[in-house]
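Below are structures written as C-alpha cells.
Here subunit A shows up in two complexes: once beside subunit B, once beside subunit C.
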Partner chain A sequence: MILKSYIDLYRSAQDRFNAGAPDWLVEARRGSLDFLQQHGSLREAAAYATDYGMNPDRLQLKEDPYKLFSCAIPEISAYNYLVVNDSFCIPGAAELPQGVVVTSLAKAFSTHPEWVKRYFGLSHTDSADWHFNQLFAQDGLFIYVPQGVVLDQPVQLVNYMYDKEARMAVSHNLIVVEDGAAAQVLVCDHAWGETDYLSNRYTEVYVGKGAKYEHYKLESTNEHMTNISTLAIDQQAGSQVLTNSITLHGGHTDNRVQVRMLGEGARLSLNGLALGTGRQRISNHTDIRHQVAGAMSSELFKYLLDQAAQGDFYGLIRVDEGADRTTALQTNRNLCLSADARMQARPQLEIYADDVQCNHGSATGQLDENALFYMQTRGISEVEARHLLMSAFAYEVLNNIGIEKVKDRLRLMIDRRLRGEKYNCHACSMCQ
Partner chain B sequence: MKQQKQNKLVTDLLDSDYKYGFTTDVQTDVIPVGINEEVVRLISAKKNEPQWLLDFRLRAYRKWVTMPLPTWAHLNIPPIDFQNISYYAAPRKHRDDSRQIDPELVDTFNKLGIPLEEQKRLSGMAVDAVMDSTSVKTTYREDLAKLGVIFCSIGEAVQHYPELVRKYLGSVVSYADNFYAALNSAVFSDGSFVYIPKGVRCPMELSTYFRINAMGTGQFERTLIVADDDSYVSYLEGCTAPMRDENQLHAAIVEIVVLDRAEVKYSTVQNWYPGDKNGKGGIYKFVTKRALCQGESSKVFWTQVETGSAITWKYPGCVLKGDNSVGEFYSVAFTNNYQQADTGTKMIHLGKNTRSRIVSKGISAGRSQNAYRGLVKVGKNADGARNFSQCDSLLIGKQCGAHTFPVIDVQNPTAVLEHEASTSKINEDQLFYCNQRGISTEDAVGLIVGGFTKEVLNKLPMEFAVEAQKLLQISLEGSVG
Partner chain C sequence: MLLEIKDLHAEIDGKEILRGINLCIGRGEVHAIMGPNGSGKSTLSAVLAGHPAYRVTQGEVIFQGKDLLAISPEDRSREGLFLSFQYPIEIPGVSMVNFMRAAVNEHRKYRQQEPMSATEFLRVMKQKREVVQLDNSLASRSVNEGFSGGEKKRNEIFQMAMLEPSLSILDETDSGLDIDALRIVSEGVNKLKRPDNSTIVITHYQRLLDYIVPDVVHVLYKGRIVRTAGRELVAELEEKGYDWIKQEVGE
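Presenting the complex of A and B:
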C-alpha cells in the first residue's frame, strides 16, 4: 500500500526524476518499476509511511552549504564533501592526486558516462530496496581512484539532513577503487532540528585486484531520523577491505552490508559498534558470500543497549560450493544495561564446501560481577569500574579504525557518552 | 595416497546400507487414502473415543485446512499429496485369541532387538511397541502399576484415564501450533502415555519403539508424558521403517509436562529409512516436540541421535516456566546421500534463574544438507537466565552442506547467553597424528567422529548409547572399520 503511493509518485513525476539521467538508467528504472509492482516488499516498510517531501527538481540551497556546515574532526586532514539531504554540494577546487575523481553522481552521468555505466549496479541483488533506490536516487557521491593510485588523505563525506518539514533523501554512492589503488572513505550522518527524516542510501563499492579500501560510517543524528543504508562491496583477488559502522545516536538505524568475495586471497574485516539509548533501534545486517576459494573474512559487532533501546544483529556467512580454504569468523557481543533493552541476534552460517574453517560466537549479557568486584577491592569506585568495563568493551571495535584522528575523537565521544555527558563532537558547526 | 584413502572413505560412506529395511507380512487394517472430516470421525470411532476428543480432532482439522504449508526451513521438500496418504493403519489381531499377538509381529520386534517378550525380562526395560498406527503391546505394565506409574498407549489412556489425558493433551503443543501439529492433532492414532505420580522415581527406563510397516501410510503418533511433583522418569524412543521407493510421512507430537522438582529424560534414536543412494524413498519426518517445565526446579533433558529419514524437521523445545527450571538439549544429526535435516531446539526462558544448555553436533556426508536451527529467548521476567549453546558441524565430502541458524532474543538485562558454532572438515593434523601412530585413516576417522559425538552419546542411557554408537558405525561402516 505504502509502496504503491511511491510508485504512483514516480509515475506522475517521471520526467522530473529522470531529468539528467542517462538513457540506460531511465531504461533500468522501467525494470525497477516492474519489479516493485510485482514483488514490492521494502525492508522497514513502515518507516516509509510518513508523508515525506522529496526534491525531484534538485532545488539548491540559497546559501553556500560549505559555509553553513562543516564537520571538522580536529586536526584531521581529509578531502571534505557535503551532501545536504540527497544533493551533492560541489565544493571549490580541491587538489586531488592525479587521475582521481570525486564528484557528484549526477554530474558524473555526463562527465564520466562510461565509468558510471560500467560500474553502476554491478553489485546489486534483486531486492525491492535496490529497485526503490534506483528509481528515486538522483544524486550521490562518485569516487574513482585509478589503477595504482593511493589516496593520501581520507575522503570525508558528511550527509546532512536539513529541512523544516518531513524529508526523505534517496541517494546513491558509487565508489571505484581500481587494481592496486587505495582509498579511505569516512561517511558521517547528521541531522538538523526536530523534523522527521528518512534516508535511503545505497553505496556500491568496486575494489579491484590487490586494492585496499576502508569505509567508515559514523552516525550521530537524532531520534527523528530513520537511516536505511546498504553498503554493497565486490572484492577482487588479493583486495583488502575494512569497514566499521559506528552508531552513536539516531532514531532507527538499519545498516546492511553485503560483500561478495570474488577473487582468491581477498581479505575482509567487517566491524560495527552500536550505543543505544532512549527508544533507539539499531539493526546491523551483514551478508558475506564467499564465492571463490582462499578468501578470508572476519566480523566483530558489539552492542551496548540502555533504556528501551533495541538491537538487532543478523549475520549471514555463505560459503559456496568450491570455495575451499575459506576462513570466516564472526563475533557478536552485546551488553544489555536496562530492563527494557532488547537484543536479538541471528548469526547464521550456510556452508556448501568442506575444506573451510568457519565459526561464529554470540554472547549477550551484563558486566562481569567478578571484574567489578576486583576493581572495587582495589579502590576503584563502582561507577568508575562500570565505566572502565563498558569503555573497554566498546574500544575493541574502535581498534579497527585506520584513521588515528577519527579513532581518538570517537574514544572521547564514547567516553563522554558512557558517562552520561553531552557526547557530541564539539568541533563542528552543527554541534555548537 | 592419502587422497585416495579419503576418496575411498567417502565412497564407502556413501555405500553403507540400511539394515532395518525389511517388511513384515502381517495383516493390516488400512483405511482408504485421503483426509476429510469423515476420516477424522472414522479414526476417532475406530478408537472408540469420547466426544471431547473427537471435538478436539475436528477443531484441529478445521484449523489445519486453513494453514499454509511452512516453507521457512532450509529444506527442499517435494510436494506432499496429503490426499494420497492413509491416515490409519493397524496390524489386525488374530480372531481366535485377541490377546495373542501375531507371531510375525513378535518376530519383527525381535529383529529390531526389542524385548517385547517376557523372556527378555532381564534387559529390564518397559517397552511400548507401536506398529504403523497402533500400539502393539506394552510390557511390564503390571510392575509399573504397583508404583502407580501409568505407561500405556495413548489410545488406552483415553479409555482408562480420560481426565488425565483431557487435562494435559494439547496443553504444551496447541493444535494450532503449526501445520504439522494441526495435522497430527486431527489424525493422531497412537503413541505412548506416561504418568509418573508424585514422588515416584520410575525404576526402569520406559521405551517406545515405532515402526512404519504398511505401504502408503503415514504415522502420526502422539506421546504425552506427565511427571508429577518430585518424580523422575527416563523415556526412550526408537524408530525404524522398511525400505520403500515411495516417501512416507511421519508427523508426530510429543508433549511433556514437568511439575515441581520433577525430572524427565527423553532420548531418541531415530533411524527411519533415509532413502536410497539416489535419494529415492525415505521418510519425511515433521515432528513437534516440546516440554513444559511448569513446576519450580523442574528439569528436562532431550537427547537425540538422528541418523534416518529423508527429511528431518524437528525442534524439541523447552518452555522454562517454573523458577530455577533447567532444560538441556543434546543432539547428533548425521546425514548422508540426499538426506536433509533441519533440526535444533527452542529454549524459552520465562521463569527466574532458569538455565539451558544446547550441544548440537551435525555431521554431513554425500550430498546431504544438515542445518541447525535454534531459538533461545529470554522473557522480560526471566531474571538470571543463563544459556550456553554450542553447535559444531563436521563435513565429509565436497558436495554436502552444513548450516547454522540460531536466533537469540533477550529481553532481560540480567540474562547471560553464549552461543558458539564452528564448521570444519576432519582436521588433517589429527588424521596425520593418528596415521603417525599406526592408526589407519579409516580408523582415525572413526575415532574423530566418535570423539566429536561423544559428548552427546554420553548423555544417552547405557543401552541406547550402545545402539546409537552402532547406528553411527553402520553409517560410517566400511570406511572406518
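Presenting the complex of A and C:
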C-alpha cells in the first residue's frame, strides 16, 4: 500500500499540487489518479517505501543555487540550467538564438501555454510511472527550438538532489525541436551528502522533420540514490537522434528510453554505458518502435560490473506491420569482473513487417585472460593490464558522443572511476 | 651465463609436457630449438614467460642470476625476457601507442627511471617500427586487431625492439609468413642483435635459420632435449627429418 499513501497525499493536497497547473493538466491528473488506483505497478516500487518528503508548496532554496552549484565543462560553453530536487532554478539572462525558449516548465504553463499543451504527453504510453509523474511533477525544463534554428551551444541541465532529510523529486522535462532545427542536451544527475533520495523524472522530446537532436545523460550520484528516469522521444521523417546514457556512480538506476520512429528516413543511435560497483543496480530498458517504413536504428549498450553490482539490459525493438525497409541493429556487451557481479540481458525483437534488416547480439563474459597475459609479458602489471582492457571496453561507447569536450572529460572520469578513485566534488564531477 | 635451465619439469591439466629440460645459454648466443609437433617447444617458451596455465613440478631456471620461476610474468619482462608469440593476441580498443607506452614506462619505472615524454616516445616508436617496416598507422591501430599474419609477427619484433630484452624467445615466428615477411622479420631480429643479448629461435623448419643463423641447435623431443650440436644439425634435420632422432632415442 505504498502507492496508496502517495495517492492519499495527492488527494489531501491537490489544490497545492495543482496550483499553477493549466486546466487540461488538472483534468489529465484526474485520469492519472484513476489509473494509479487501478493499475498501480511502479518501477522500483520497493524504493517508494521510504518516507520521502515532497514539495507541494514549491518552497525555494534561500541561497542562490547557481552560486552554490556551478558546473562548467572546461573549455566548452553551454547554456547552464539547474533543477534542485524538483524545482527549476531560474538563471540569469542568457542570450539564446532568435526564438529559442529555455525556461521552467512551471513558468511555461503560463508564458507558452499553447506550445506546452500541444506537446505535453504526446509521446507517453500508459504506465504507472507516467501517471505517477503526471500527478506529482510540477516543474522541470522546457526547451523550444523553432523551425530551422540551430542551438549553437549545448543546453546543460544539472539535476541536483539536495536535502538533509529523505527526499523525493518528481520532475518533467519537455523538449521540442521543430522541423529542421537542432539541439544538444546534456543532463547531469548529482546528489549531495548521504541523504536517501528518490527521483522520478520524465523527459519528452519531440523531434520534427529533418531535425537533429542529441541527448546525453550522465549519472554521478551515490549509493543513497534511486534514480528512475524515462526518456520518450518521437521522431519525425528524416530526423536524426543520438542518445547516450552513462552511469558512473549511483545506487539504483533505472533508465528507460522509448523511441517512436514516426517518419521515413528517421535515424536513431541509442547508446549506454554502465559502470557498477559495490551493491549498485543499473537497469537500462530500451523500447524502439519502428512504426513506418524506411527508418534506421542502432543500439549499443555496455556494462562493466564489479563486486556485487547488478546490471539489467532489456532491449525491445518492435517493427510494425508495413514498416518495410527498416534497419535495426542492437549490440549489448557486458563484463562481470567478480564472481558476485550479476548481469541479466534480454534482447527482444518483434517483427511484423517483411523486408527488414534486424539483428541483435548480446554477450556477457570476463576480461580476456589471454590478453592479460600478453600484456604482462610486455612488462605491464596485471592491475594496469586490467585497467587498459576495461577502459578500452568502456571507451567504445564514448565514440557516440557528439560534443568533443564532453567526450574528453568522460574519458578522464571513466579512467578515474575504473582506477577506483572517488570523485569529491559535491556539485558536479565535471568540474574536477 | 644468461640463462640456465636445470631439470625442468612442467605440466598442464595434470599432463606432463616437459620432462627434464637442461639448457644453458650464454650472452650473445643464438640457440635454435627444433623438434616435431607436440614435443614441448611452445610449452617451454610459455613456462619461461610465466603462463599461469602451466605448473612447474620440478627443476629450476636461473636468469641473470635470479630465480626466474619465482617472479611474475611482468617482472620477467622487466628483467629482460621477451617472448614473441606464435599467435599474437588481439586486444580490441587498446591502441598500440597506449599499449607500448604502458609497457615502456613500466620497464623504466622498474629501473627507477622517469617515464618517457610523449614526444620522445613517439620518436623512439618511429625509429623502432622502421626496423620491421611498419608504417605510421601502427600507433593508432588496436593491438594486433585486423593485422595480417605477417603484420602480427612484425609487430612482435617491433615490441622486441622497443623493450630491448637481453633474451628473446621467438616462438615459431616463421609460421604463417610468406617469404618477404620472413625476410623482413629476420632482418629485424638481426638488426637488434648485440654482443650481450641472446636469442632462442623455436622452429620446425630450416628456412628461418637461413636468415637467423644459430650458434647452437637443440632437438626437443617428448619433453627432453635429445640432441645438441652446431648449426650443421639444421641441414641434417632438413634432409633426414626427425625420424632418425626418434629411432636413436629408442622409438
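Note that the second predicted complex is superposed on the first by the 422 of 432 C-alpha atoms of A that agree within 3 Å, B and C clash if a C-alpha of one lies under 4 Å from a C-alpha of the other, contacts with A are read in each partner's own complex, and residues count from 1 in each chain.
In this section, contacts are C-beta pairs under 8 Å (C-beta built on N, C-alpha and C of every residue); 3 or more make two chains touch, one makes a residue touch a chain.
This structure is a prediction, so every number in the text was calculated from the model and none was measured.
Participant: Clash or fit: what happens to subunit B and subunit C when subunit A is overlaid?
Facilitator: fit
Participant: Kindly classify A:Leu105 by the partners it touches after superposition: subunit B alone (first), subunit C alone (second), both, or neither?
Facilitator: After superposition on chain A, A:Leu105 lies in contact with neither partner.
Participant: Is A:Met413 touching anything from subunit B or subunit C once the two structures are fitted on A? First, second, both or neither.
Facilitator: Neither partner.
Participant: Go through the superposed model and pick first if A:Glu321 touches only subunit B, second if only subunit C, both, or neither.
Facilitator: Touch partner of A:Glu321: subunit B, not subunit C.
Participant: Using only C-alpha centres after the superposition, what angle do subunit B and subunit C make about subunit A, to the nearest 10 degrees?
Facilitator: Angle at the centre of subunit A: 70 degrees.
Participant: Quick check for you: in the superposed arrangement, does A:Leu198 touch first (subunit B), second (subunit C), both or neither?
Facilitator: Neither subunit B nor subunit C is touched by A:Leu198.
Participant: Is A:Leu349 touching the first partner subunit B, the second partner subunit C, both, or neither of them?
Facilitator: In the superposed model, A:Leu349 contacts subunit B only, not subunit C.
Participant: May I ask you to decide whether A:Ile282 touches subunit B, subunit C, both, or neither, giving the answer as first, second, both or neither?
Facilitator: Neither partner.
Participant: Could you figure out whether subunit B or subunit C reaches more residues of subunit A?
Facilitator: B
Participant: Give one of first, second, both or neither to describe whether A:Glu396 is in contact with subunit B, with subunit C, with both, or with none.
Facilitator: second
Participant: Least CA distance subunit B-subunit C after superposition, rounded to whole Å?
Facilitator: Comparing every C-alpha of subunit B with every C-alpha of subunit C, the smallest gap is 14 Å.
Participant: Show me the residue ranges of subunit A that touch subunit C in the complex, using the header's touch definition.
Facilitator: Per the touch definition, subunit A meets subunit C at residues 368-371, 373-382, 384, 388-389, 392-393, 395-396.
Participant: Of all residues in subunit A, which touch subunit B in the complex?
Facilitator: 321, 334, 336-339, 341-366
Participant: Write out the stretch or stretches of subunit B touching subunit A in their complex.
Facilitator: Contacts found on subunit B: 74, 380, 393, 395-425.
Participant: Note which residues of subunit C are touching subunit A in the complex, please.
Facilitator: Where subunit C meets subunit A, its residues are 49-52, 72-74, 76-78, 82-83, 85, 88-94, 98-100, 102-103, 106-107, 110, 142, 159, 163.
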